[in-house]
Structure formats: C-alpha cells, structure tokens
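In the two assemblies presented below, subunit A is common to both, partnered first by subunit B and then by subunit C.
This part shows the complex of A and B:
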C-alpha cells in the first residue's frame, strides 16, 4: 500500500523511521513538512529524507507544498500528523478534506480536526467509501478505538473515565512522591521534556477535554464540543492536598469522565484510592469503559512519544490495508 | 436493637427470622446471660442493616413472636465520602461552609483535617461527610460544589463508579 506522510515533527519522524525499519509492505510515495515536500511514485528513500531534514531543516523541494502532495501524489492513504490547532483545526481539516475528496483513506494523530469536524469528515469518508481513522488522537499507543470498534463490538458503553494527559499524571506523581509544589513538579516535567514551554493546554485540562470530546463523539455521536466540558485543571493543587489524600490511602489524579445518562462531561482532579486501576505513576495514560456486557474494562499504556504514537498510526494503516485496499 | 425474650428453645431463631423476612441484614448477635435478671428471660443485642421504612414492620413482627424490644438505636448516616478543598478557607468562613452541609438535616461533616502553610497562602483541608443515603450524599456534594464556586475554592471529589 502506498502512503503519503504530511508532517515531520516528532510523530511524523517516528512513523517514517518505523516504516523504513519494519517490512510492513507500506511504501511512502509523498512526504511534506511545513516548508517543503517530495514525491516519488516508486517509493521514497526515507533515511535520505530524514538525513536531509536534519541537515537542512527541510525534507525536500521548497517549491512543493503539502497540498501538492495531497492533491497530486500517487497514494492509497494519507498520514496526517501536523501539529494540533484546537481552535481552527487548520490546516489539517483542509488536508483531510482534500484527501477524502480524492477517495484516499486518512489516518491522523491530529486532535484538532477530529474534535472540531469529526461529523463532517466521517460523513465525507463514508460517502467516498474510504476510511478515516484516528486511533493516535486519544491515549497515544493504547488501542482505544480498536478496542471500542472490535473488542467491545455489540456492547453499550455506559460511561468512561480515565487519565488522558501524561504531563498532569507526571506532575501529580511527583507532587505525591516527593512533596513537591506544583511549580517544582512542573519544572521537573519541563526538564524531562514532558511539558511544553507553555503548559496551559496540559495543566488546565484542555488537552484531556479535547480527547474526551473525541471519545464521546466516537462512542455516542452526541455532537459535544470542547465548550461543553466542565473543566478544572491541576495548577491550583497544593502538596498539602496530596498529603491529606495520602493519609487516607488515596491520591489525586486528573480524571476525564463522561456519562451521557447523567449528562456528565467533566475533566477534574479527583481523589482515588492508591490501588485504583487508574492510579499509575509517571506519564502513563489509563482509561476505563463501563459497558453492559463486558462490565468494566481498563486499558493502561503510554499516552505519548514518537514511536508510541507511530504504533497507533501504523495499526490504523494496516487495518485499512487489510480491510479496504487488499480486497479492492 | 436490644431485645428481651423468653429463655426457651427456639426463641432466638424465632426472633431472628423476621429480620430476614423484612429484607434486613444481620451484622452481629450478642447474647449474654445477665446474672441479675431472673432465669426465664434472655437479653439479646442485634446489630442489623435495614432498608428504609421497614423498621415498623419488623417491630410488629417481633411483637407477634412475643419478643419485647427494650431499645432501638439507629445510626442513620450510612454513606460516607471524603473530599479535599483548597483555597482561602478561613477567609471565606469555614464554619459557614461546614454549616451549609450540617444544616441540611440529611448530611453532616464528621471529620475535618486542615493544613495552613502561611497567612495569606491557600490552605488545604480534608472533609469527611456522612449522609443518610446515596441521593442525600449527591445533594450534599452539590451544595459543596455551589459553595466552592461562590467562595472560589477548589473542590476535589472522589471518583465513584458512575454507571
């Protein structure tokens, strides 16, 4: 199967490296970063492109753009891994539309388009008879969407709650373990590369809320938006609060929670017993589904990282290859 | 409850049966002979859990069995939850915050632990609330949510199974 890769940040590089390293039968025929692009219907030498990118800061021809690749390259599936814009979803929404209109499958890790325009994009994909998959948008490497779609097929999902932001989980872990203040733990998270220079998206629960919106729309198709999420971050937590919880055998985690029957859509710091399955150390993510038949199912794993996210993207690509492309 | 019954074979079983008949759950039976009391009667203390509104039914069933009820003590606050509140708790009148729960009649604050690092810094507290039922607990937490918002306090609730 031929794929085009748009975006060569951490996730894009992870995907490119894994496709080059593993013999998965996936050939990259188009590639683009924010400044340049490159196409070759016979397959691109990824290691040369990545070396080029490292040396010159761009991957290919500066006269070509991502749009050129999406509209002209010869590919079966588009891998859209440009940075998330939670306000407009652009330019990713435009990229995805353009690929779908050419009847190309799309796999994305980009939360913006899925949180903002999932309904429209899904309808478009359906109309064109292609797949739009976004496993990597929620909880990184954890196969959340595959579990919902296949493993839990036929179940009614009654509620979900989980830890969907690794940065917050790291900060809370460190505050509880060492009695650090929020500011100290945040500084440590920055040094470890877990927090952005501007940590607002993570620590105020916006990132977790976007993922919650994606999950709710995927499961219940209820059209909820980011502004519908009742959201409280972790930036006002004190070390004393964690100590008071600890005295009772508990700790605090940032929990994203949805229960349509109770009209509940909330991201907030919560008290959990330390042996609760959602209490994990460091940057791990965890997610529990409550269902009618399977009852509770909890998935735990890495929520971020270059190769970890590539795992989710490659899972989507191979699903498309096995269910659409090979049969066609 | 403390019961008085005839000290003859089968009496204790006869006294216990109505409890399960009304859907009650026996937690403990304390059965001790008191040397000061004459030989025909037996005093038994029973600790049990009873669904709401079944007590009158149980009392009349026991009377039919010839069992005399000496005393009924009721622990009505069965549901307990612990929350954490962060903010300027003293400046925003902590006793008023507690009173908003206590004055409901169906819930009360039964434990409070506090930490005040310095004047003008936000303090942290752990508050344990008891309530009559799950619904009452929800209502009590709703009051705390509203008060926290009014007083700009950060309320951290426990995570419950929601479905």
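This part shows the complex of A and C:
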C-alpha cells in the first residue's frame, strides 16, 4: 500500500522512522513538511529524507507543498499529522477534504478536524467509499477506537470516564506525592517537556474536553460540541485539597465523563480511591467504558509520545491495508 | 448471517439471550444441548427454546444431537460453547473440526481446543478459507485478541503479564482485606459461586497457565504447551505472607507472564505494589502487553460471567459477519 505523509513534527518523524524500520508493506510515495515536499511513486528513501530534514530543516523540494503531495502524489492513504490548531482544525481539515475528494483513505492524529467536522468528513469518506480513521486523536497509544469498533462490537456503550490528559495527570501526581503547589508542579511538568509555555489548553481541561467530544460523537453520533462540555480545570486546586483526599485513601484526577442518558458531558477534577483503575501515576492515560454486556472495560497506556502515537497511526494504516486496499 | 449454537450452559444461554434481545443480523438456525437439538433454516424462536429448556431440561428433539446440527444445519458460523474438559479438549475439538471441514466459521469459548490443537485447527481454518476465533477463551469480556489483532497491529509484543484467573484474585483480595486464611477465603469463594467444589484447576494455576499458553501461541506461534509453564499456585500462601507485603505497601497476585526472549513462561504468586495496574479487587482480570511502539498497554475487566462471555463471542461473530460473510 502506498502512503503519503503530511507533517514531519514529532508524530510525523515517529511514523516515518517506524515505516522505515518495520517491513509492513507500506511505501511512502509522498512526504511534506511546512516548507517543502517530495514525491516518488517508486517509494521514498525515508532515512535520506530525515537526514536532509535534520541538516537543512526541510524534507525536499521547496517549490512543492503539502497540497501538491495531497493532490498529485500516487498514494492509497494519506497520513495527516500536520501541526494543526485543535480549535480551528486547520490546515488539517482542508488537507483531509482534499484527500477524501480524491478517494484516498485518511489517517489523522489531529483532534481539530474530528472534533469540529467529524460529521461532514465521515459522510464524505462514506460517499467516496474510503476510510477516515483517527485512533491517534484520543489517548495516544491506547487503542480506544479499535476497542469500540471491534472488541466491544455489539455492546451498547452506556457511559465512559477517563483520564485523557497526561499533563494534568502528571501535575496531580506530583502535587499528591510531594505536596507541591499547582505552580511548582506545573514548573516541573514544563522542565520535563510535558507542559507548553502556555499551559491553558491542558490545565483548563480543553484538551480533555476535545477528546471527550471526539469519543462521544464516535460512540453516540450525538453531534456534541466543545461548548457543550461542562468544564473545570485543575489550575485552582490546592495542596490542601489533595491532602484532604489523601487522608481518606483517595486522590484527585481530572476526569472526562460522558453519559448520554444522564445528559452528562463533563471534564472536572474528581476524588477517586487510590486503587481505582483510573488512578495511575505520571502522564499515563486511562479510560473506562461502561457497557451492557462486557460491563466495565478499562484501558491504560501512554497518552502521548512520538513512537506511541505512531503505534496508533500504524494500527489504522494496517487496518486500511487489510480491509480495504488488499480486498479491492 | 446464520449461526448454530452448540452448548446451552451458562455461556450458551447468555449468547442465546443476547442474540434474541439485540438486532445484530444474526439468526440462529441450529441449537443443541447435551441431550437434544433443534434446527430451522428460517430461524429459531430463541425464547421458546429457552423456555422449553427450563421446563423440560432439553432444548429440542431428543433424537437429534449436536453432531447433527454441526453436520447438517444451514449456518455460516458455529458457536461452540459446550461444557468441555479443558485438559482433553473434547468434545469441542471434534465439533470444531467437523464445522471447519464444512467450511463453516467457528467461534469458541473453550480453552482446551485452542491450548491443545491451535496449530492444527488454525491450519484447517486457513485451508478452508474460514475464521476460527476464540476471544472468549482468555480474560472473559476483555477484548484481548481484538487488541492484539487490530489495536496493537504493527507492534512487536515483547512480553505480557496478567491476572487471568478471577477465583484466585478473589481469594487473594479477601485474604489481604480481612486477614483470612487461604481455606477461609476459599470457602467464601465457594459460597459466592466463584470456586468449584474441587478448586485445584483454579488455585494451582492450571486455568491461568492454559490461558497463558493460548496467548503465547497466538502472539508468538511458538508451540508452547501446558507442561512448559513453570507453575506455582496460591494454595500454600499464608495470611503472614500477605501481611508482610501489606507492610511494604504491596499485595500478592497470581501473575501469568511470558517473555520469549527471557525464556519466561510462568504462573506464580508475585508481590506487586498496591497501585500497580494489575492489582484489582474481586474477580477482575487484567493484562498488560509490553510492546515496542505502544509500550505498556493494560486492559482490565470481567474475566467471567454469562453475559460478559457472550460479549466476547458476539464480538467475534460480528467480526466474521462484517469481514467474511458480508464480503463474500
């Protein structure tokens, strides 16, 4: 199967490295970063491209763009992993539309397009007879979407609750373990590379809320939006609050929860017993689905990381390879 | 899709009830218990059969057998959930062979056939161009096989460790929580219906070892057998051992682990920190896969139960429906 890779940030490099390393029957025929692009229908030598990128800061021909690759390259599936604003969804939405209109399968790690335009993009994919997959948008390496699609097939999903933001989980872990203030723990998170200079998007629960919207729409197709999420961040939590929880054998985690029958769609700090499956240390993500047959199923794993996110993207690509391209 | 259901114990009844309740496009055309059978190519009225079974102790015509259904009924997939000896694999192995030889897909919850004859049965299924699926054999409702097949596709599985026996987990939970002796906790497990009159199969780690063999062969195709598992049960554990662990913030769980590079294939009581993801209370199962890209992925859920096991079986049936039958 031929793939085009758009975006060579942390995630894109992870995907490129894994495709070069593993013999998965996936050939990159087009590649683009924000400044340049390169196409070769016979297959691109990834290690040369990555070395170029490291040396010159660009991956190919500076007269070519991502659009050129998406519109002209010879590929079966687009890997869309550009740096995209999660609140506007661009440039990813435009890229995904362009690929779908050419009847190309799309795999994306960008939350914006799915949170904002899932209905339109899914309808477009369906009309064109191609796949639009986005396992990497929620909970990193944890195969959330595959579990919903296959592992829990036939189940009614009644509710979900999870830890979907690793930055907040790290901060809360450090506040509880060392009695740090929010500011101290945030500084530590920055030093470890877990928090951005402007942490608003993480600590006010926006990132978790966007992932919750993606999950809710995937499961219940209920057209919820970010503004529908009842959202409280962790930035006002005090060491006292964590100490009081600790005295009761509990701790605090930022929990995203959805339960359509209770009209519940919320991201907020919650008190949980320390041995609760959603209480994990560091940047781990965790997610519980409450279902009618399987009852509660919990998944725990890494919510971020270059190679971890590549795992989710490659899972999607292999699904497309086995269930669409090789069957065609 | 037409299915034949062989076995009407706890699991079979759960499957029958869910197929009757849910509109999944699955029609039962043949059904059998140990004493009788019934066939109708137009579809069987499940509630009538289950009422009959309750009233008369048999589900249909006493002149018909499971073999008749397997060999003569009109169906696409066999649901093989007979009471089968996990150490001999019969009668399930014979039933599965008979269905595969007719080019029928097979879904089973029986560990014996997969632990003992996976290589032969998989080869036979492949030759006949049909599926042999067995999600329900390991960890009940937890979608372990789907996760390996799809969610972690492209990953190298380096090792696994898990709690695969709910009876042992219950006994250890009660010993730790109440300071009970092994015998006291076992008696409680019996009263709750979690332990058999003869608990050997569970408490000596045989059940967990069989599941470990199934997982190892599924992942690494390394032809390991039950006798290859280095096995220690929980029946010699004392309340003292659990108290000592507790003093260090730890507890004890019966852990099944496999790591081919370390030549490790073992079921034994292990000391784990209380907040370890594999430490869960009661009869819950849990399993961690260590992989090259996704790193550690942990799944937690119910390891047994009529409807929980039906969830795993229905997931397999829907996969066959969507990826084999509807495409044919």
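In this text, the second predicted complex is superposed on the first by the 327 of 328 C-alpha atoms of A that agree within 3 Å, B and C clash if a C-alpha of one lies under 4 Å from a C-alpha of the other, contacts with A are read in each partner's own complex, and residues count from 1 in each chain.
As a convention for this text, contacts are C-beta pairs under 8 Å (C-beta built on N, C-alpha and C of every residue); 3 or more make two chains touch, one makes a residue touch a chain.
Keep in mind that what you see is a predicted model, and the values were worked out from it rather than measured.
Once the complexes are laid over each other on subunit A, subunit B and subunit C both fit without any clash.
Put subunit B and subunit C next to each other and count what each touches on subunit A; the higher total goes to C. In the superposed model, A:301 makes contact with subunit C only, not with subunit B. Of the two partner chains placed by the overlay, neither subunit B nor subunit C lies in contact with A:34. In the superposition on chain A, A:243 makes contact with subunit B only, not with subunit C. Contacts of A:10 after superposition on the shared chain: neither subunit B nor subunit C is touched.
Shared-chain residue A:159: touches subunit B; no touch with subunit C. When the two complexes are laid on top of each other via chain A, the two nearest Cα atoms from subunit B and subunit C are 15 angstrom apart. In the three-chain superposition model, subunit A touches both subunit B and subunit C at residues 296.
In the complex of the two chains, the subunit B residues touching subunit A come out as 82-84, 86, 113, 115, 117, 122-126, 154, 156-159, 161-163.
By the touch criterion given at the top, residues 158-159, 161, 232, 236-238, 240-241, 243-245, 247-248, 250, 252-253, 255, 257, 259, 261-262, 264, 268-272, 276, 278, 290, 296 of subunit A touch subunit B in their complex.
By the touch criterion given at the top, residues 18, 22, 24, 135, 141-143, 146-147, 149-155, 274-275, 277, 279-281, 291, 293-302, 305, 307-308, 310-312, 314-315, 317-319, 323, 327 of subunit C touch subunit A in their complex.
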